[in-house]
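Both complexes shown next keep subunit A, but they swap its partner, so subunit B is in the first and subunit C is in the second.
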Partner chain A sequence: MNNVVEISEVSKSYEDVKALKEISFEVEKGELFGLIGPDGAGKTTLFRILTTLLVPDSGEAKVLGMDVVENYREIRPILGYMPGRFSLYQDLSVEENIRFFASVFGTTLEENYDLVKPIYQQLEPFKNRLAGALSGGMKQKLALSCALIHKPELLILDEPTTGVDAVSRKEFWEMLHLLKHQGITILASTPYMDEADQCDRVALMQNGKILKISTPDEVAQSFSSTLYGIRSKHRFQLIQVLREYQYVKSVQPFGESVHYADHRNDPDTDDILRYLSTHGVEDAEIKKIDSNIEDTFMELMQQEESHA
Partner chain B sequence: MNAFKGFVKKEFKQIYRDKRTLLVLFGMPVIMMILFGFAIRNEIQSAEVAVLDLSKDSMTAELIQKIESNPSFDITHYLQAYNEVEPLFQKGNVKAVLIFENNFEQKMVRHSSAKIQMVTDATDPNLARLLQAYTSSIVQDFSDDLNPEISIEQAGLSPEIRMMYNPELRSVNLFVPGLIAVILMLISALMTSISITREKEMGNMEILLVSPLKPYQIIIGKVLPYLVLSLVNVFTILLLAIFVFEVPFEGSFILFFAESILFILTALSLGVFISAVANNQQTAMMVSLAGLLLPTVLLSGFIFPISSMPQVLQWISHIIPAKWFLEIVRSIMLKGGGISVLWFQTAILVVITLLFMGLSMKRFNVRLQ
Partner chain C sequence: MKTIQFILQKEFLQIFRNRAMLPILFVMPIVQLLVLSFAATYELKEASFALIDYDQSSLSRELSAQFQATGYFSLEHKTFDTDEALEELKAGNVNMVLTIPENFSRDYSQGNSVSVQMLIDAVDGTKAGMIQSYGSSIIRDFNQNHIREVQLISSKKAPQLSRIELIPVNWYNPDLDYITYMVPGILVVLVSMIGLFLSGMNIVREQEIGTIEQLNVTPIKKSHFITGKIVPFWIIGMVDLVIGLALARYGFNIPFLGSLTLILIVSGIYLIVIQALGLFISTVTSTQQQAMFIAWFIMVVFILMGGLFTPIESMPVWAQDLTLANPVAWFIKMMRMVLLKGAGWQEIQHMVFVLIGMGGLFYGVAINRYKKTAG
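Then we have the complex of A and B:
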């Protein structure tokens, strides 16, 4: 049994909103699996089903071979769950929080200190501070320590880096890699595309559906056309003008440049530049670039929307 | 078991850390007790009274002196003629005027009957009624002392009133049981419902549910600290009542505390039920205040007697736990009632408690939603 998580055809609706539409995927043992998608894609619902907090309307979900509906009692102790909202006790100190969760899961801080040490060590200077007074990144580290304290086999993290500064985000992912090397399977969601590279495999989610599951590299490379990066000082005008171009397929602003793809198999870059300069964008520079995950995701989302 | 212990420890810590709430929890009973005990009173204390003695004989003098010496009355005016009565009331200087008919003593001796007229200012009907009751009991006493044989042979019917268990009609005696009920409702039901819904609202429940803690452990862990707090408060109120307000305590302390614990459990089960239904703290608070606290104050007989309510409200009062608890506590404290007379009320509380405990256990979700 190599799959820690097995989900097949899981659907879930809230009243008239379909949150999950027949989702299927597996997470292998020891994998760091990322669920990437915008708010409202269904990530939290999926996690709540996996953590046995919600029952799917149809389909089957298994954690370590156990059904999330029937065997919820057996599943709960082996899960480490970090909900999307900071759900530690703000009026308890850092140390009290971690000791509380340790005791609730039938263990002690000392017993599993080695496991949480790399994370908890950073918090120890503030161990008497109330959790409510911690910074966003610190809170998430504390929440991770608390979710880890009972040595779970599967760690489920719902948007652990949302609302956290860039440096702390990076640190956070480094910690997840450390945990992965200790053999813990990790399933994390994030709305940030740039975090996808941190995962072994990612699933792109949108409107309750999984658009693609693959390794980050494969996802990035699966962009269907040749991609160009176009730069200009007049970025806004550039985007407007490009969207009117006869061969245009997609125009996405991306950092300082604009990612452009068109319908021709082998686009003529000179023709594009000529078109731009006749329409008032004279300083444009164009070069062929590699697609990244966001490009693929945008493309998949557009396809999905035109299907619907 | 360690998980449960850790949970209870956390609860105590959280309550202890919230100093403001703690102050309210322990301060409120004392403040309410002092308010009800000193400020809000139903009994009369030195009410201003005028006397119009048309007879001026030894017997009226004696009677007037008797009234004067009663702490409830304060004779401020001695009138000479009947036409002085009305202006005095107009000015609002006196609450009542006592008028002795002429030849009072003579009539008393000859016909063993004489008349005293009492005019009261009924703009405050409660006060007027109380003054009447007080006066007639003083006059009754007087005529009993005067000539026991005569009074027995007296023609005509005159009611002999005896106030049992609370002869001075002290309102403190009545308020203490009610106050205990209100405070227990407030702390047990309101605080538990808020504390459980807070876990839901803050998202902590998600983790608690995923933990190996069982639902009943979460509920008991939530409830236990408030049980302790409530008991401390019962104790404070009782001490204040007995030592500061000299409320009599006729019955058994053990029974009193046992019944108090039962009522606390009733309130806690209501609180847990509310939190199982409500999804956020605000709803929980509104439901507790409107659904529990108001009926406890208004419909339990704490302030307004149930017997003078419309029939519909009287029926409703039967399902209010505080009504039964009030009957129990009043009986234990003032009449020395034992379980043999209180088993019915106790049984009702037990049934209500079990009902709501069962309901909330059923409603308590092992999942979200």
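Then we have the complex of A and C:
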């Protein structure tokens, strides 16, 4: 059996809000799988079902072949979960927290020290500090250590890098790669598109639905039209004017430039520049660029919204 | 079993780390016992009165002197003007106006019946009742002392005092010592506060700060978790009770007629019952603030209707029926029975069974609800 996670047609509603609409996907053994989507997409709900904290309204979810509803007792010991909100004891020290979670899983820090070593080592100088007094990045590392201490086969991380500085985020993903090489399957969610490249496969999620599942490269390349990057000092005006253009398909501000897609198969860039300069944007530069995940995601989201 | 041990370790670590709470937990029983026992008393300390003596005889002066001589009444105002005295009463400067009519001495000496008037400010009903009963007994004593003289002097036959004399003897608390009566009740309140508030609050806290989410994905069973919350505060409650009992015994000289072991067993059972109620509160609330408020509300009702301050027997029948469902009332009753009357297992066993029944009910409902709320 190669699939660690199998989800088929899972739905979940909170009163009249449909949080998950017949979601299906699989995560293979040893994969680093990313769930990407904005707040309210349903990522946390899905994770809570997988971690046996919620029961789905319909559909089936399995972890290592075991049903999350029927066999929740068997699933819990092989699962490591790091909730989106820091959920360790703030009034216990770093070491007390990790030892407590080790003990309730029937293991010890020493037994699995090798597994958590790369992460826990960074915390050891502060091991007597109360968890509540740690910085955001340190808290995340502690939470990851605690989720790992019982050597789980599947690690579920709910937005592990939200609210963490850029350096810590990068470090965090490096640690996840290390863990992946140790054979742990990882399912992580993030609202940051730029973290998608870190995953083996990603699922783009929006409004309780999965819009696309693929490798990050494939997702990036699946943008349906030719994409141009347009730069100008008058960025705001540029966006306004471009949106009025007769062939416009999408305009997205992106860093210093604006990503532009056209309805035509082979757009005339000179025509675009001429149009811009007649409307007051004279310094525009245009060049063809490769699409990234965010472009695809924005496109898929717009399609989804126009369907709905 | 090992899991429970680890959970208990963690709970105690957290409790003993809480620098704000820990001293309170152990200082509270002492302060509560000292303050409440001395302050909450029904004995009349001092009542002030205004005197309108129209008679101005040696007998009338003797009567008013007798009021003052008891030490309970102090003469604040003397006047011949009823309105003025009533103004004083209205203004709250005096608690009572004592009026001795004209010809009081003459009529009394002749063996006629006379009357004096006590106008009592009854805003505070309890105090008014006490002033009345103290005042009546002073007048009765006065009458007894003088009637013989009157009989000798008077040609008429003076009103006879009844030949049957009542000599009340108070059992179990012969001196009607208020502290003896209060302390067992206050010990109950103390134990109830710890039992009801702390366990429940602690569970809600795990929900509020989200740690329950992390616990729920571990193999910890709900029963482990609940045990981990009940046991530490049970121990603290029992320690506090022992401190309180020691203070009652050696500080207040409360008689310990019954068996200490029985007291401890009953208290142990009671604590578990009240903790079950705390557990139930935690399942219907999601923040510590809500839990605190509900626990407080329940506690106030339980205490006021528990026979601590006002006897249950003086409540209306419907309220008396309600107290049957009040664990605090049962426990106060048992404490007083065992400590002051020396009741043994035979006398209180039915009440212990009622408590156990309540505990079973609370746990049943709480655990049932708890399973539904958290994962």
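Some observations on this one:
By definition in this document, the second predicted complex is superposed on the first by the 308 of 308 C-alpha atoms of A that agree within 3 Å, B and C clash if a C-alpha of one lies under 4 Å from a C-alpha of the other, contacts with A are read in each partner's own complex, and residues count from 1 in each chain.
Keep this in mind: contacts are C-beta pairs under 8 Å (C-beta built on N, C-alpha and C of every residue); 3 or more make two chains touch, one makes a residue touch a chain.
Note that the coordinates shown come from a computational prediction; the quantities given were computed from them, not determined experimentally.
Once the two complexes are overlaid through subunit A, subunit B and subunit C clash, as defined at the top of the document. Of the two partner chains placed by the overlay, neither subunit B nor subunit C lies in contact with A:255. Shared-chain residue A:81: touches subunit B and subunit C both. In the superposed model, A:51 makes contact with both subunit B and subunit C. When the two structures are aligned on the shared chain, A:96 is found in touch with subunit B and with subunit C.
Once the two complexes are overlaid on the shared chain, A:105 sits against subunit B and subunit C alike. In the three-chain superposition model, subunit A touches both subunit B and subunit C at residues 51-54, 76-77, 79, 81, 83, 85-92, 96, 100-101, 103-106, 146. Across the complex, subunit B meets subunit A through its residues 2-3, 5-7, 9-10, 13-14, 17-18, 202-204, 206-213, 366-369.
Those residues of subunit A whose C-beta lies close enough to touch subunit C in the complex are 51-54, 73, 76-77, 79, 81, 83, 85-92, 96, 100-101, 103-106, 146.
Remark: subunit C residues 2-3, 6-7, 9-10, 13-14, 17-18, 209-220, 375 touch subunit A in the complex.
Subunit A contributes residues 48, 51-55, 72, 76-77, 79, 81, 83-92, 96, 99-106, 146-147 to its touches with subunit B in the complex.
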